[in-house]
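Note that subunit A is present in both complexes that follow, paired respectively with subunit B and with subunit C.
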Partner chain A sequence: MAAPVPIGLKAALLDAVRTKSGMVGTGMLGFLILLAILVPVFAPYDVIKAWGGTDAWQDNPKLAAPEWSEVFSGGKHLPRTIFLTPAGTPGGFLKFRTTENVSDGKGNWNNFTFLGLKKTFGFQADDFPSEMTVYLNTMFTQAGNLSKPPAISVIFQRPDNKNLTLLDDTPRLSTTDINRFPNTKSNAYAVSQPIKDTPSYKILDNLREWLIANNVTTRAEAYDPQFYVQPEVLLFAQLDRSMLSKSTAHVLKGDYSLRIELVGFENTDDANARGIVFGTVFGLAGTDDARHDLLVGLLWGAPVALAFGTAGALVVVLIQMILGAISGWYGGAVDELVQRAADFYLIIPTLPILILISLLYRPSIVAILFILVAFGIVGSTTKVVRSIVLQVKEEQFIEAARSYGAKKTRILFRYILPRVMPYTFALIALTVPAFIFLEASLSFLGLGDPVLPTWGHTLGLAYNNGALFYGFWWWIVFPVVGIIFATIAFALLGYAFDKVLNPRLREQ
Partner chain B sequence: MAVLDIRNLIYWYRTRRGAVHAVDNISFKLEQGETIAVVGESGCGKTSTANAILRLLPKNVERYEGEIWFDGQDIMALGNEDFRKQVRWKGISMVLQGALNALNPTVRAGAQVAEPLIVHYDVDRDEAMEQAIAAMKRVGLPQDIARRYPHELSGGMKQRVVIAMALILKPKVVILDEPTSALDVMTQTNIINLLKEMKAAEGLSYIFITHDLGLASDLADHVAIMYAGEIDEIGPADHVFVHPKHPYTGRLLASVPRLRSEDAPEFIPGAPPDLTRPPPGCRFHLRCPVAFEKCGWVAEEFVDRLRLLQATTQGKEGFPRFSEVEARGTQMVVLRADSDSPETLAASFSEFVKSGRETNPFLKSVRSVDAKTKAVAVTLHEGAPPPLIGEEWRAACWLVQEATAHDTIPA
Partner chain C sequence: MGVVRHLAKRALFLTITFILAIYATVVIANGGGVIDKLLKDQIQFELRQRYANDQHYRQLPPEKQQEIFNTTYNATIEARGLNEPFVAKSFRYTIDALQFKLGLAINLHTSDGSRDVGAIIFERLPRTLVLFTVANIVAAVFGIWLGLWMARKALSPFDRGLTVLSVTTFIVPPWVYGILFILLFGFTWRIFPTAGWVSAPPPPQGPITDALPPVIAMGMLFGGFFFNSYVRAKYRRIGYAVMLGGLAVAAAWLIMPYDYYKDIEWHMVLPAIAVAFSIFGSWSYTTRNLVLQVMDEDFVFAARAKGLKERDVLNKYVLRAASPPIVTSLALTLVAAWTGAIITETVFNYPGLGQLFFVAISNFDAPVVVGLTTIYALLLVLTVFGLDLTYSLLDPRIKAMRR
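Then we have the complex of A and B:
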């Protein structure tokens, strides 16, 4: 005879967890739950709220691989992001400022401010940085045309002393900013890939002139429309013709400096600077094209997937179970109604309907959950549970309960549902992955919650940005691993339950 | 006054083949503090009677009629909800057939015993458990059994739990539906003794449903012998078991193996009739060794029997040589022969009936044999279902009526 089916929920749970697959599944699930508990502590929800914006992520390199992928780069030391912190912070820019008042001899005094900012940093990596940006915060007074804005120069010093001026600029205020005292102007100078018609676009011409002056190229060549200037390579490469292409250029290792000089025409003028030399590797999971730290998204994916899958599966399966039990137990018209409703719900194509709703309303993840529950109040579980109830209700102890005068509802909840519960538990465990998949599919299609960084959402972005084509493997692999991990955890648990509850599947 | 008086209880249920006459017009009384044993073969309607009394009906009920007077009230007239509240377990409780399966495997024994209390009196859990433990002590179960699940109990323990459960609301009548059928003999004895004790202590009345005549004789004051949905004989146990009036009772008693006697147990040939089409007349007449004219033979049965006989004794000396036999209506059978003339066949058939009526009781039903032009017409005696005759001790058999007339009891 087969081993008896365990009686009651607790016994079934314990038995299931003791099987091999149950132990592994529980372990994996435990890990996920631990993540779900710890993640909000270490990466609070504020981080996620900022996910849609850019401000929180602008200091991260774009599309950087995980730092540990350096192991596979053949012994190369890949550049990390170097922060050139503002003056006044430890290790920040060194600042020199002086004011001078000069008389023109006619009783007019001209007031000057001289300001210098300098930061030296070592660059020892074997690859070029991905980008470089300088942020300049200038404070000056400008009332109409009465005073002049300060003049700024940004100078880049190389270890081989072939220094160059990246740009000269006079920060101007837009008309809306005028008459605000004191005026501050924040300028971000993108050294690499500068945008046309911005002050930093001059960098390209300055670099051309620098190349010509150092006899690397001819003037004609430098100003050829085909000539492609890559500042982040040129600035950090050894000065010879090989530097013109990133593939042939050699990194010039050593101490670099960024120097900013300002001449202001008021005594009150002031400035501070900050710079970032972006690396090509970042963190444990890399970044995407919007500079998001993918690790945060991945970690947040766990509680979201867990909560979504479990809540959805739990609610849907329990509702379906109760309706199925009612259907099987009461029979007659109720049975007919529930079963035909289940047939109807089973043939409704839920995913297309969900896609339609998502297109029209962009629902949040909670709203999606509600929609799924609404479309899942009856379904396959109703049918499975009904068939079990039809069996159980013919058992003698039900007859006994009827004979001692128990009401039908009491028999249903005290006698029939406890018998069905263990099976339901297996069903819940097996339904959770379905919900995780569904959420991932919706997010992948760009129809999920627009704010939360779920695994599916990350995957969808990766797909839309051609991550597979460009080889941004980290952008795809980690969310996929997350989904598979969670799915396998629940599938193993469900399998364990199945084994315990269907003795025929049990091993000897 | 009888605590339970069942009058003309009818309980049929539908099947695809027709209505099953599971309980067909039965009546009996149960006095306070008495035990009535309902005895019969499997499928004769014992359990259906119990279910009918407690109104545990399936969906496919065809007929459910009669009167059940309990405590001076016709409980058949009660609405379902009133019946559930007033009668089930409070008035009449039941130890179900196969009690070993009657326990919910997911509920601890104590909680299970307490269930009726909670259902009927809305007692709070702790108090119900206390009473349940007390009830379990009364049936000889130690307190720790209350914490166990049914699968952790032995058969005898489970049976005691079920009995404790049946008695917890102190009902007046307890229906015991084969309470010991799956137990070994020692446990059976213990349970029967327990039932006796409980009866004496609490003044219970039992309806004891069993096929075990030994147990019935041990426990019962009265016995009702059921056959094919009807009561064949009912009376005081010492009378019925010692001098059975009905031939079926006699055969039933003869079929019990005896421990210290040379008598081999006898069996009753044939099988119980199909209850969707119960035989007319006395329902036992097809299997009855002493059946005679009045028992209710019909042409169809006669033809079946005759064909069977023809098949087994074909070509033997004295067997009438007919080639065709056919029923015409209920009381006439037509015989045809290939070689012999109708007259010859009629003569040989009459001779055969005369000589064979003692060995084949169905031949007694022949009233006349007439030779027609082409065939032989055999007319059968009209029969009718025998009424239950008698006062305290009644039997439903035409022989009993004749015997009463002649003031003797058939052996």
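Then we have the complex of A and C:
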């Protein structure tokens, strides 16, 4: 037979947690809480403050899938990001530097610096890298018209010895701190997708000439406006006609080298380099179009969602509960007023007005919480609690309290509210997801907190950047899983409370 | 007379609520004057541009230029009614909105170029109504059917599994499912179109009768279902035949030539599934619980004692007694669907009211926002009033209580 309905607060809590759904829900919630505590320790808030900038993320590949998604690629080994670390670090570029003073025979001495940087790296993946970038720190005399920038050339050596010069350049930026990366005075050369009118743009023409020299294509074809040069594919592909398209090209595995040669016109000239061959997979949750490590954003979504949802639900449900109890207990004009207010709040279109406010005033996440609470002072909980109070009112222990002369307020707060409390647990647990989703909805529309990477925010960015269309599934699926996981935890808890407190639903 | 007085009281209250809600919207939509400032800046900018191209104006001395500019600017402000104090203006806007004089949009327009807010709204209203009504009906019928089944097999693993599924699915809003469904059915498996209302370019225009088969199919399926709920076992064969016929019509529709109307309906399938998927759980869970509660009542016991079949007891006695709360649930999910449409339609890029609302607020198009909120509030008020009406008809206790 069904056990009696637990009366106390503690009894209800314990009974609910002991049911199967209660246990699962508590377990999931416990996991989220653990995450919420651990995340700020391992990924401090500084990371989130840097979320809006680009500096902290520029070493990550763009739009990379999670590393473990390799399992679904049919046994392919997908490229990870390869860092070509600067000279002076273990396994970094090898550096050779010599200076020479040459006389022109008329008593003038020219001072030269010859410098070579070389880094060999193995490339064994079955797919092409997504990008390649070289950063070069140079030190030279920089004084307006008297500047003496060195001449550099970047040479790419392939396993099949079909080497090519990527570019020749005279760097514009000089730094005294050549060994420091990242450095605001680095000369950055984007090997893939070079921007027009930057020194790197010569790479495209150099690649065309290299293809012509190796009889892959004709001059006419190579300089046709339709001809599309993809450096990151051509550099790492087997040398034949199939290399012209990414879909047909084959990866040339083996040891590649990046060589940078520099001729400086002062004895003091010096240089150091750093390169990144970006992979197509990254970390546990991949990256987005701004190279953010999505794992950090996803993990930070948990404490934000938990705090927002619980705070909002607690405050709203407790206020509504107290108002509902007052309405049911005192009756009369108070009752009428509260009930009409509840009707009014149920009728006004909350979400449209909320979106409107968010758009006009751009509130922070805390302000949004206050607005939501203001819109939830009375509502469905008021009605539910009122009906429960109307029943409780007739019970004997209330009559007993009345008979020994307890004040009305005392009965309300000491006898009725504790009795009603357990019922509100279910309501709180079921209101938390509503708050999480409200925040997610606003963030999805781009109207949420401008700084925090909440789940809804990530989802909105993914949607607006065509993640669905291009198939960047990780950008969509993980935030959705996060939101659904959190809400299911609360839904199960709410269901467990419902089951314990609603005797007809109890298991026998 | 009690019912009439009760309804009259409700109508009065709902009208007051309606007026207050619209006044609140007018105040917020104009941002306490923010929009007015935007509009004034815009007028000033437009005037400057116009005069910058005016050779005659540019040859005048600077004082004269300033004078002409100020005169024109003030006249424009006056003509647009922007110089009144905000409070007076807000009352004027509210009265206009209440009379459905929705005015002209600032930026938005209908597909044939009209800037009349009423025309913009009524171009899109049917699309939202059709989509959400169909989705709600499908979810309701499926949910009630499932809930009855769960109640019949109460506490079995089947019931427990479906209860947990219902409880967890209805808490997630449709747009979250929408995104997942678009990713899976739209882009990965390429079964349904991914967004929009018609393909671009639209397929050839067919006869409007091509739009009928899905309507007929759905009508036959639900008709057969309801028929079977209320007739004796030996007539149920008819209901099953009708439902089979409905399936056949649906199958025939699938192989029909792909024309304009089929295209529109095909575009509505995925959003409708997403909406229905997020609603059916509340139906099945509510129905199950209510049925289990009613099942303990004496009159059900009496019906069983008469020797009626379990199925007839459920359909004729239990479900009828449980229907008033179910109607409440229907109204409330409909209300939630109206406002939830904003993000669902944005996700599916479905050109209904919800998407219009988002486009309007992104463009600071205050007249459209106010017009839409008026329509939303009206729909909500009408739904709640309809609920009151149904309640007073369905539930004899209300009559008794109010007398």
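General remarks:
The definition used in the following text is that the second predicted complex is superposed on the first by the 487 of 508 C-alpha atoms of A that agree within 3 Å, B and C clash if a C-alpha of one lies under 4 Å from a C-alpha of the other, contacts with A are read in each partner's own complex, and residues count from 1 in each chain.
Quick note on the criterion: a contact is a pair of C-beta atoms (placed from the backbone, for glycine too) under 8 Å apart; a residue touches a chain by one contact, two chains touch by 3 or more.
Quantities reported herein were computed from a predicted structural model and do not represent experimental measurements.
Aligning the two structures on subunit A places subunit B and subunit C next to each other without any clash. The vertex angle at subunit A, taken between the C-alpha centres of subunit B and subunit C once both structures are aligned on chain A, is 50 degrees to the nearest 10. Of the two partner chains placed around the shared chain by superposition, subunit C is the only one that A:433 touches, whereas subunit B remains out of contact. By the document's definition of touching, of the two partners only subunit C reaches A:353; subunit B does not.
Comparing subunit B with subunit C, more residues of subunit A are touched by C. Within the superposed three-chain model, A:34 lies out of touch with both subunit B and subunit C [touch as defined at top].
Contact with neither subunit B nor subunit C is seen for A:94 once the two complexes are overlaid on the shared chain. Of the two partner chains placed by superposition, only subunit B is touched by A:396; subunit C is not. In the superposed model, A:414 makes contact with subunit B only, not with subunit C. Distance between subunit B and subunit C in the overlay is 11 Å (nearest C-alpha pair, rounded to whole angstrom). Subunit A makes touch with subunit B in their complex at residues 4, 7-8, 331, 395-397, 399-407, 410, 414-415, 418-419. Put simply, subunit A touches subunit C in their complex at residues 21, 340, 343-344, 346-353, 355-357, 359-361, 430, 433-434, 437, 440-441, 444-445, 459, 463, 468-469, 471, 473, 476-477, 480, 483-484, 487-488, 490-492, 494-495, 502, 504-505, 507-508. Those residues of subunit B that touch subunit A in the shared complex are 54, 56, 59, 84-85, 88-90, 93-94, 96-98, 101-107, 115-116, 119-120, 149, 151, 162, 165. Contact residues on subunit C toward subunit A in their complex (touch as defined above): 13-14, 17-18, 20-21, 24-25, 28-29, 31, 34, 155, 163-164, 167-168, 171-173, 175-176, 179-180, 182-183, 186-188, 194, 289, 292-293, 296, 335, 338-340, 342-343, 346-347, 357-358, 361-362, 369, 372-373, 376-377, 380-381, 384.
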